[in-house]
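Two complexes follow with chain A in common, the first pairing it with chain B and the second with chain C.
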Partner chain A sequence: MTAQLPPGIQLEKVDDRIMTLNVGPQHPGSGHMRLIIKIDGDYIVSCDPDPGYVHRGEEKMAEYRNYIQNIPHLERPVIHDSSNILHPYCLAVEELLGIEVPERAKYIRVIASELNRCIYTLYWLAIYGIFLGHSTMFMWPAGDRELFIDLLEAMSGARVTHAYLVPGGVRNDLPANFEERCLRQVDYFEKRLKEYQAVFYKNPILISRTEGTGILSRTDAIRLGTTGSVLRASGVDFDIRKKEPYDVYENLDFETVVMKEGDSYARSYVPYLEMFESCRIIRDAIRKMPKSGSVRTKLKPNPKGGNEEVYKRVESGRGALGYYIVSNNRPEPYRVKISVGSFRNLICMPYLLKGELLGNMPSVYWSLNYWPVEADR
Partner chain B sequence: MSTIAPQFRLSRFIASLFDIIFWVLLIFSLVGLPIVFIILFYIKMPIVNGQMLTPYLAMTWMADPSRTLPIIKTLLHTTFFHVIAFPGFGFAALLAAATIFVERKFLAKIQLRVGPLYCGKIEGILQLMGDGLKLISKEIIIPAKADKPIFWVGPLLFVGTAGAFVSLIPVARGWVVANPSVGLLAVFATIGFFPIISVLTAWAANNKWTFIGGLRALHQMIAFEIPLILSLLSIVILTGTLNLSQIVESQQHYWWIVFAPISAIVFFICIIAELERIPFDLPEAESEIVAGWLTEFSGMMYGLIQLGTYLKLYAFAGLFTVLFLGGWNGPMVWPPFPADIVTHGITIGPITAKIPGLPLFDQDMLNGTLWFVIKTVGVILLILLPRGVFPRIRIDMLLHTGWYKLIGLAFINIFIALGLLYAGVLGPGGLIQ
Partner chain C sequence: MSSANDKDGEPSETSTGPSEGTRPLSKEEARKFYEEKGIDFSPDAPVKPRPIPQFEKSISDKIASKFGSKVTVDYVRANRMRISTKKEDILDVAHFIRDELGYDHAESVSGVDYPDSKEIEIVYHLGSYTDEKLAQQVLALATRVPREEIPNPGKDRSRMTSLREVFYSVEFHERECFEMFGVYFEGHPDNRRLLLPEDWADIPPFRKDFKIKGR
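Then we have the complex of A and B:
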C-alpha cells in the first residue's frame, strides 16, 4: 500500500475499532440524504449529515418567473405544507407590491395554513411511528390526514399542492357549508388525537426509548440556531405566530407549547400538542371570520416590484420559514432566498448523535422535524 | 394466426405426444419397475388384515375400492406420512400459511385498513399464493464477495431446523413425528441452532448491515434462551418428565398455567423475542440496519427464511399449548362416527355400498387435534397482537429485560413449583396419580 496517491488526496486513517456506516441515500431510515456514521460497537462516535440529494434549484428557478408564475413551483419543496411555504412568499410580495389583503382572506389564509400544518405534522408523525417500528402509528395518522386533505380539496380543488394562497389574498372563496363541515371534522380529529396518546405517547416502550436521548439544552438550542418545535422542546418560548404575528394571528386565541426536557420525547410531543392548538385556532378563526366579503385583491397584470428588498417569515410545521426577496424594477424577482427550518434543525444532529446508541439514531433524527426536500430546496 | 406459437402444427404436436408416451413407457418398464422391485425387496412391507402387503396384493386391492381404505389407513400410520403431512411439515405449513393471512387481516383491522382484498375474490385469500409466486419468480442475487456455500445453505438450514422443531410437537395422542423421552431437551437443542444460522449467514453475506443484525440476533437469542429454559424447569419439576406427550397427559385435569403462571408469562415473552417479532425485532430493525441479517437475501431464499420463521412461530405456539394449556386435552365435542355406516353401509338410491375400514381416524384423535388447533391459534393470535401496539425496543433495554428481569421471574416460579412439590400438593407425574 505504498502506491503514490495523486497530490491533494490522502487516505483516511481509521481506527480498527471504528466502523463507518453509510446510512443512505438508499436506506429505509435515511430519507433523501446520507448520514456518514462512525460507530464503536453500538455507540456512535461521529455523525456527518450529507444533504443535497434532492436539490432542485428552486431559488434560481424563481429568478426566471414573474411573481404569479412563481407560486406553483415554490410550494414543491414541502408539498405536505404547501400553504405554509407560500404564506411568507405572499406576505413578502404583498409588501413589495403594496397590496392590501381583505380581512376575510386573512382569516381564510390562517385556516388553510393551520389545516396544512396538521397535514404536515400527521405525515411527520406517521414516519416517526414507522421509524420506531410502530406500524399502527404509521397507518393512523396517514389515514387521518384525509380529513384535512378533503377540507383543503373542497377549498382549493387540489388535494396536496394547492397553490391556494396568492399575493393579494386567496385564490377563491370558501365553498358553501364549509364552516360546519370544518368544525365537524376538527371535532372528530381531536377525538382521534387523544387515541394517539393512548397508543403512542403513553406507550411505556416509546417513553423508555425516547426519554433522555439526544438531549439539547436551552443554551445549545439557541446557540445552534434551531427553530420551531426543536427550539420549543428545549424550553424556549419562541413562536413567530406570537412574537411577530402576521395576518390575523394576534386576534386569535391560542398558546405556545413549550417543554423543558429537550430530549427526543419532548421534540416529538411538542408537534403533537401543537395540533390541538391548531384545532383551537381553526375554531376561533371560523368564529371570528367575516361572513362575507372579498377574498382577493386583484393585481395589475404582470406586476413590477420597486427597487427594494423584503424579508418575511412565518411559523411553518418545521419552524421559522422566511423569504428574502430582492427586486429591481422588473416583473421577475432579482433574488429569492428561502430560509427553511429543516436545514437549521439538521445542524444540531452531529451534536445530538455523538455518544448515542445506534438504535437511537432514527428516533433522534426524525424528532428534529427535518424534511429533506425542503432543506435542499 | 396465433402470435404465441406461430409454428404450431397439430399433427406434429400429437406425434410428439405419442413420442413422449412411448419413451416414458419404455423407460418405466425397463428401468423404473426393476428399481421399484429392488427397493421393495429391502423394505419391510406392512401387514394389513393379517396379510403381508406385497405390490401385487396392493394392486389387486386397488382394483376393489372397498379394500383401498385399509391401505390408506396403513399409509396414515407410516413415518413418511407423519413427516410429510399430518403432524409434521404439511400441517405446520398449512397453519403457517393461515397465520400469515390472519396476521395481515388482523393487523389491518387494528390499523383501520382492509388488508389484502383483491387477489382471490374473497377477502384476498389468494394473496399469499401470489406473493409466493412472486418470490419464486424473482432473481436470486448473491453478493460477489459473499462466502457462497454458507450463504446458499443458510435458508435451507433455517427451514430444516424449524422443521425439526415442528417434528417434536405432539398434536394428538400418539400423533407426533418424533417422541424422544427427552423431548424438552431436544427442543432446547433445536432452538439453540437458530442463532448459529443467523450469525453464519450474516457473516457469509459480507455486509455491514447483516453483520450488525447477526450480532444483534446472537445477543438477543442468548439473552432470552436462558430465561426460556429456566421458565420450563418448573414444569419439569412438577411433572417429573421431559417427554412432551407425558407432559400433556399429566394435564388431564388442570393445566400447568394454573400452577406456573409466572413461567407462562416469562415463556411467552421469550418466544416473542426468539421469533424476532415486534417489540423484539431488533435483528431486522428496518430504520436502523435495513433488514438486519436478512438484508442480502432475495427471491426464494428470503421466502424460505419467511417460511422457516412462520414454522417456528407455529412450533413455539404449539409448545406453549403443550406445556401450559393442556395440549390436546379438552371436552369431547367431536361427534362419534355413525356406527350404522359400518354395519349397514351407505344407501344411495338403489345401491348399498359397504365400506369396511371406516372410520379413518378415531374420535379421540380428531377431538384432540381440534382442541390443539384451537389453543394454538389462540396463542398465535396473542403473539401477533403486540405488532399492532408496540414500537421496537432498544438493545440495552432488551438485554436488561432478558438478563435481569426474566431470569429472576423464572426463578420465582421454580421456587413456587418446589414448594408445591414438597408441601405434598402435587407429586411427580402430575396432579392426579
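Then we have the complex of A and C:
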C-alpha cells in the first residue's frame, strides 16, 4: 500500500535486519553532534558522523574584524583550552606584522598554555569518566580543574574565556607571588594525579571496557591524518612542541608520550601522562623565566599585514592547531582558516566504529579527544 | 512635524571631526584623523624577498626538475613552501609529492575566494609523520578553479579533481570546502553537506559575496 505523502517527505526503506540509530545531537554520549549509526543486532555496521550543530562561522567573522578585534571571538571554539587556540593566532599575526615578543612574555605564554592544557584534559577526563558510568572520575577532575582555573584567573582576571594571549605578548604581567603559588599547586596536583591511576586507570572495569576496542594501527593513523593524543597512542612520535618548537619550548625539559597499542585505553592514557609532562614544563618554565621585564610589545593602532600568507601551528590539547591567514594590505585578514585537531580526528569515527559493539561506542567516541564545538568552528 | 524631524537630523550632518558625538567615522574621516596624529597607513611589514635555505632548495629543485614550467615553487617563509599549479596537473603533482618527497597527510584544505580575478584558490597544507626531516615542514599545494558569478554548486565550472585517492585524510576537508565555497571535487565518493544545515538555500557562505547580516 502507498499512502499519499506530503511533498518533500520520503519514506526510508526499512531493512528487517539493519536498524538506523540516531545518536545525538542531544544524547549525552555525543555532545553537540550526531552519529548516524546502522546496527545489526549489537554490532555497528556503519557510522556516519554529522557535525555542524554548533557551526558559527568563526572564519567568516574574522574577515570583518581587525587583528586585535579578532582575539576574543577566536577563542570561543574551545573555551576550556583558550590559550592554546589563541597561541597560533598570536604567532601568525606576529610573523605577519613583524613583531618581536619579549622573552618573559614567551615564558608566561607557555605557562598559560600548559595550565590550559591541563584544564582541558581534566574536563575531558571528567566527561570520559561519566561516559563510562564512573561518577568519582567525574567529580575528581572537575574539582581539581578549579585549582588551575584559579591560577589562570589570578593571571588574567577571568576564569575561562580570558583572551590572555595577544599578538605581541600577554595582556598583563603575572601577579605578585604567582610563582610560589603556581609551584605549590603543581606539586599538589601531581600527587593527586597519582590517585587517579589507582581509582580509574587500574580499574578492571575500565580496562575491560576500553582495552582492545577501537584499535587504530600506526599505518592507519598516518594515512587518516590523525593528530594529537590519537596519533601518539598509535605509536607515532609526533608532537609539534618537539618537532617545530614555538616560543621557548626548545629550552624546556619534557618528553613526548607515545604508546603503541592504539586502542581506546591507550588513547585515554596518553593525555593523562601528558599532564605530568605539563607539570614538568610549568616547573621548568618558572625556573628559567626572566624575573622581570616587559611582557607585551605594543602594536600600532589598526596594524596592517603585507600582501602575503602565513601558516602557524601549535600542539593543543586535541592535537595540532593551525592558523592559515591570508592578508592583502588591509587591517582585516583576507581569509582565516583554523585547522583544528578535532576536525582532523573526526575521520576516525566511521573507521573505528565499524564492526564495534554498540556498547563500546561511547568509550571509543570520547577517547578520540573530540570537541564538537571546536570541530565545527 | 517634518521640520522638527529635519532639525533633529541636522547636527550630525554639519558636525565635523572625529571627537563629536558617537557617530562612527567614515573612511576618509578616519584617515584624516590618523594622519593628523602622525600614524601612517603603509603596511607594517612589507614583503621582502627571503633567501631560500639549503633543505627547502633541494625540495624545490626536485619539483622543478620533474614538472618544469607546470608548477611555481615559492619559498614563503621558514619551513613553509608553496607549490602553485594548474588544476589539470594537481593529481600528478600530488602523487609526486607523496611518493617521491614523503609527505603523507593533509593538515587542512582551505578555500580562498578571489572575486576580482574570478577564481577560487584551493590550498592543501601537507605534512609528514614518517620522514623525520620533513617533520617541521608544511607544504602548501595550491590551485585555482574558475569562479561563477551566480554559483550552482556541483553543476557549474567550479570543479577540480579530488585528491582523496592520494591523501586519504582530505575526505572531510574537501566536503567542507565544497559546501563553503561551492567547489565540486570530482572523484570524491561523498560530496554531501557536512557542517551546513540540510535546508541551506543560500550561496556558499564563505564566498566573498555572502555578507554577514548587519555588516
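What we mean here is this: the second predicted complex is superposed on the first by the 363 of 377 C-alpha atoms of A that agree within 3 Å, B and C clash if a C-alpha of one lies under 4 Å from a C-alpha of the other, contacts with A are read in each partner's own complex, and residues count from 1 in each chain.
We adopt the following convention: contacts are C-beta pairs under 8 Å (C-beta built on N, C-alpha and C of every residue); 3 or more make two chains touch, one makes a residue touch a chain.
Predicted model only: the values in this text are computed from it and were never measured.
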Query raised in the report: Does chain B (first) or chain C (second) touch A:173, or do both, or does neither?
Result: neither
Report task. Compare chain B and chain C by how many residues of chain A each one touches, and report the one with more. Result -> C
Query raised in the report: Which partner does A:334 contact after superposing on A: first (chain B), second (chain C), both, neither?
Result: second
Requested in this report: Could you look at A:19 and tell me whether it touches chain B, chain C, both or neither (first, second, both, neither)?
Outcome: first
Requested in this report: Go through the superposed model and pick first if A:361 touches only chain B, second if only chain C, both, or neither.
Outcome: first
Report task. Check the residue A:61 against both partner chains and state whether it touches chain B (first), chain C (second), both, or neither. Result -> second
Report task. Could you pull out which chain A residues touch chain B in their complex? Result -> 19, 21, 27-29, 42, 129-140, 143, 199-200, 203, 205-206, 208-209, 357-362
Report summary line: Within the complex, chain C is touched by chain A residues 51-52, 55, 57, 59-61, 64, 95-98, 222-225, 227, 231, 236, 238, 243-244, 300-311, 313, 320, 322, 324, 326, 329, 334-335, 337, 339, 343-344, 346-347, 376
Query - For the chain B and chain A complex, residues of the former touching the latter - result: 107, 110-113, 208, 212, 278-279, 281-282, 285-290, 387-397
Query raised in the report: Mind pulling up the chain C residues that touch chain A in the complex?
Result: 34, 39, 41-47, 76-77, 79-80, 82, 104-108, 110, 112-113, 123, 125, 129-130, 135-136, 138, 140, 167-173, 176, 193-197, 205-206, 210, 212, 215
